[in-house]
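All chains are identified by letter, namely A, B, C, D and E, in their written order; residue positions are counted from 1 within each chain.
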């Protein structure tokens, strides 16, 4: 992989809860709010379905950034799911920071179904951030390099 | 008999590494393990035992066997390149050298394991006598001489005496290596000094607490008696079913073969496995060793009964004492042998 | 120590308990092993001294399946683990008769060997009646000494206290061994640059041989089937083929015990490669304390763990970046 | 692995203009499991669906991936299409290549690449899909209403009117609740009893309504559509069938020293009592703690005077077990204890009272027969001070963080009524804010200020000091004029915060309904599902969910009733098949999953497990499919991965991650 | 294959598989398919003996040991009868003709068709998918008919739909001279006019002469009762053979799983004579 020569295009996985953020992404789409194609969305029922293992797995397989989006605290379709997700992600991110993974490779954003604009700006920001961080080398599995 | 000042060893390493890969005991984050030499490594040949045995030089903890790719309906198989360059393992102790002999019985038996065989073909073993054996050592019990690797499969035997390392080639490979290094090795090593050292080591070995263990009754003839003994029922109880003993052991060779999906294909790799793990024997029909007692028994029966039965009496234990030192529950093969009356 | 044996014999004799779970003298001074004793005769081999570091609470999972009560000796820190196991319904309180035993700090022979002492024949001074200041060590290469505190396990230097959290009776005196801040090591790493942090853990974790000793000894890791063994979810790992897998294993392991880990330190004690595994757990504990209020797993058997709980105004994950 | 068919939709030019659909078809054909791939103008059209149908039948497809618009748009459409073709509807996955791809990307090559990746992820997922069947559960056509206040009564009447049996459980001897204690209601000032009593009578007379007063819910098991509830009918010591409600027993009862709960302790009642005159049922109860017969074994006067022979000292608590399809919680509220506010001297002076006490004082049936008088000396007050927000909107631990919502209005009501009836009384109100967002509310408040001359002062009261002359010195601040105010008052009325009835936590626990830190029951969604608890089949009516006034309560009661009726009208419930499922062989029985389940859907059973030859009795989790809503919180809480979510399984999501990252 | 030649120096590359192409798939029963496998260039992947096994692998999905159900006398292809019961077999069942898999083998010993079985009267007892390994022997025996005595085949299954290789049984085995086929199913079923009952009880009903050599394969519970039945009929352990192929893992006696005492199922087995089995420690 010759990163120097080509412009680096990050791989980004976005976990979106079905009820708010996925709908927010849909709204961003129907509003034609552009964000880079590097972001690929995985639909989950709720942010509390996102297992830290999924996030590490994404990095393992070559993702450069992972973002999780859910309903705003207090608005969870399942009433409390995102509160659990918030604690889990806070601890996970803190641990990643602890072992020296660059800050900013992971992010949580609460995006409601009405916030198409927020979804799009968040994704633009995130892609920019990851692009500036460069490829993920601290959490990748070398076997998956291609 | 050759010798080299210990202070010159870094030069020796560099010289070897100039033409070959060199594996030697390295200190890393407070622990000593065998690893490949590099400019900034920290060799440590004073520490008697590496945490892991150096078996991984020949039988790595994980190794790729081949890569498989799909192109439409077609499958393409790319076998991993075999070792095709000579390399040197420096500083293996007699017990670990014997351990390789044990592995040979497994991997070089028909059908030959090509990955292992290629490494053995290209490996040059520089053995080293144990200057100060420790209380956990019991190689003597298995007829291994920690003072002298001359009678083993090593290519070179060495001794650390005072400020010098004494060097004696044993095989053609060893001779060739020696001549390559002739610029660094002086040929005026005093045989007498080596003899003195051997005697000193032997004297200590004879004093070691485990040196008198008896292996009487650990053979195929007593298989039923040992297998059905009630001792196992109590012995295994503290066992945590971890793999520490098997992974530090120079002779444990159980492995698993697994696939890893790289996104562009499948890498088939082999990795160490442990017969102590609860689902080790989980196979198509179920699990034939369902209790930890059975698994525990299997490990020791294998080392002390089954393996010698199949290999002309050669035990699959070399008395290196690593399990004695590392078992989280302080269980080990010595306690097993003693429990069956081996300390009388 | 003899009083423990006597008491155990009494309890066996009067039928209160059917067996005793304790430590059996090893063949060296420093390697006693966890063991069951079924009779007064067997108890002759019972030992309790500075080298009895093993936390017996996890063995109670199996012991809870046996007929009758098991007398188990728990050190103060082990009782936290036992409580946590009660909370998770993994042990049966009714099947345990707990004698809380005092603790004067537990020893690690590795720490003694790290001082260049080898060929150990015997170690004096580790008994419960000893002064706990100096260990006298007879070796093949001459007699040596080592200060008790220098030989102590890391966990004892940051001891949570010598109060038993659960017990039917308490025996033997304890000694305060805390002489270091619990989170000092974590803080030292937190203060590093990302590059330094990464290099530190890369170096430490590269030693990992995936023997699973840390997991199997851990009283919180009591899953019947660990995700890393399960073939069901494509998450199984048997060896660290790349450095990623080392990190994955240790992060997820620590995450799975986050809020449940009592900081008993067994993981670091048993690691054959001397990896300071407690750092992962303690980092989570520190974060939990900072973010969600102080929480000590195993203090009780009822409360909700921090990861099965929340408040409406918990910190956002972005705090990690903001902290700088 | 499935036999997967991939269907790529052009969506006219919506997709095809930016995504090279032919290329997508070509690329996905190489994916594992894919045995068919095609593109079409409008996949959702009848012709498009017919193509799916045909391909399923011709190629024996077992999994379908549609690359089209958002699954929120047409997932249901394609699932139905698959079902018509004989495939399980849950074997369909959608790759969203419109909203998440063609509409937001300009570059065709880039968009096409992304579309392929999204399709791959969907293919990887569908390969691991398993057919799912929605479960069915029967609905018991009977509702339980917990609480017999206006909320409960209204809900019960509405449900009963729809033709379903309803039981009301009320813990006090009579239905009626807080509203029965009120004198007048804002903003219309009509008499509370006049509008409530007919409702009470209606409920009591309704053939579909059974009222259990002096009763409590003891135990709840089961789940939506099929709850089993134990109702404890506390021993009334009166045979309800015999009692005529003549009231003689109460007159003759010699024990008359018990503070009247109904009159907030402002006067006393007899040991055998009905709480108030219009009580329903009009059958007294014997307060066994106060009754001389029960305390000493002597007396028995009531038994002697009762001509109906209804007194029964031997009566015992009785447990009625009943099945319900829906449960409405209408447990209502109480006012907080104000004696903790020493600065207001409530416990020092009888003339410092709460607003609810004032209601009783002003009520013609109350302790003073409706005369406004000081309770200390019976004198008519000249100066009255009302203090707002006592315990509401507090930032400390003493009070409540929330606004109690009704106080501003009832204080305006009280002030107005007093000024109307006793023009000689000066009324001063200390307030933080006056909140009047309701129909005719602000007009009502303005009338109090403008027409009735009530003196409103924005500011807080620091201290109420009883004076030697029996008056009360109120020390406050006027925030507008920024000055200290010292005011002598004859009576001080505290607008105490309201809080949920104490019992609600116990009830919520039984129902596994969530409850917030203030003990208000949590609604399923703050905006969209305000009367449903997250626990299926449990509905919320009235103040148990949050502070509200009577019209709001009645409106919510009706809404809760409609939701309950909607449930009861179904014969069977189809349950969402994307529920959590525990692998018994892997489950540790640690309860971690149950701790995070918002629906109480996880229970534990102890059962014999055969784990590959190891037979053991184990505690294992079991998920009630009727309750589980499929959020997945438990799956992440479970360390061993024993708990998995059907339709969004660990393997499926990991496969998607892998497909995206490769 | 790659251009790398380093493997050529070693004669037996036991861990690197060959590519096999599926040339035919027969649906035997609702959950059993028989796959015909050829080398990509045509012909057989390797030679084998009856009772030997091979490791079949779908790259990325998994691999497992299956007995080769075709007879070595078949010179064109090899066949595997595979029951759908897990991740790998599910995947195999979704494959189509023309798809590629990888195969390595053959592994293990074989039924002693050229030694101990020669000239003997043979009795095959099979249950369900257990016919797969025996089918290889049966066809071998039929193709070398003169070398063996009478052949009795007792085969049973849960239902008539679960009998594998029914076509071959009816069209070849039943029509071969000196071969007697006894079919049974567990429960009555419409359209079935054959025997109904479990294999062990049918075995006793048939009262075979106890001078036959018996080859047994089937579910453990069936084997247990068949052994009892055979004992009752006077058979000795030395006359009975079975195969333990489900206990094979690496196939080359090195991975450490399949050993029962000092024997390795994958090297010393999978075919064992029952007197050998009796000597093994009780860990199977």
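The criterion applied here is as follows: a contact is a pair of C-beta atoms (placed from the backbone, for glycine too) under 8 Å apart; a residue touches a chain by one contact, two chains touch by 3 or more.
Since we're looking at a predicted model, the values are computed, not measured.
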Each chain counted as touching chain A and chain C at once: B, D
Minimal step count in the chain contact network, chain A to chain E: 2
Contact-richer chain pair [B-C vs B-D]: B-C
Chain located farthest away, centre of chain D as origin (C-alpha): B
Inter-chain centre distance, chain B versus chain E - centres from mean C-alpha coordinates, in Å: 39
Between chain D and chain C, distance of the C-alpha-averaged centres to the nearest whole Å: 45
Whole-Å separation of chain centres (CA-atom averages), chain A against chain D: 34
Where chain C touches two or more other chains at once, by residue number: 227, 235, 241, 307-309, 311-312
Multi-chain contact sites of chain D, meaning residues that touch two or more partners: 596, 637, 650, 654, 658, 661-662
For chain A, residues contacting two or more additional chains: 52-53, 61-62, 74, 80, 84, 88, 141, 143-144, 146
Those chain pairs that satisfy the touch definition: A-B, A-C, A-D, B-C, B-D, B-E, C-D, D-E
In the complex with chain C, residue positions of chain A that touch it: 52-53, 56, 59-60, 73-74, 80, 83-84, 86-104, 106-108, 138-143
Parts of chain E lying in touch with chain B, wherever the complex brings them together: 1-2, 4, 6-7, 9-17, 19, 59-65, 98-102, 220, 244, 246-250, 252-262, 281, 283-284
Of chain C, residues touching chain D in the complex: 65, 87-90, 222-227, 230, 232-235, 256-257, 304-305, 307-309, 311-312
For the chain B and chain E complex, residues of the former touching the latter: 65-66, 68, 70, 73-75, 77-79, 81-82, 84, 106-107, 109-115, 117-118, 220, 223-224, 227, 253-257, 259, 261, 265-266, 268, 270, 273, 275, 280-281, 283-285, 288-289, 294, 298, 301-302, 305-307, 309-310
List of chain A residues in touch with chain D within their complex: 11, 13, 18, 22-23, 25-26, 28-30, 32-35, 37, 40-46, 48-54, 57-58, 61-63, 74-75, 77-81, 84, 88, 120, 144, 146
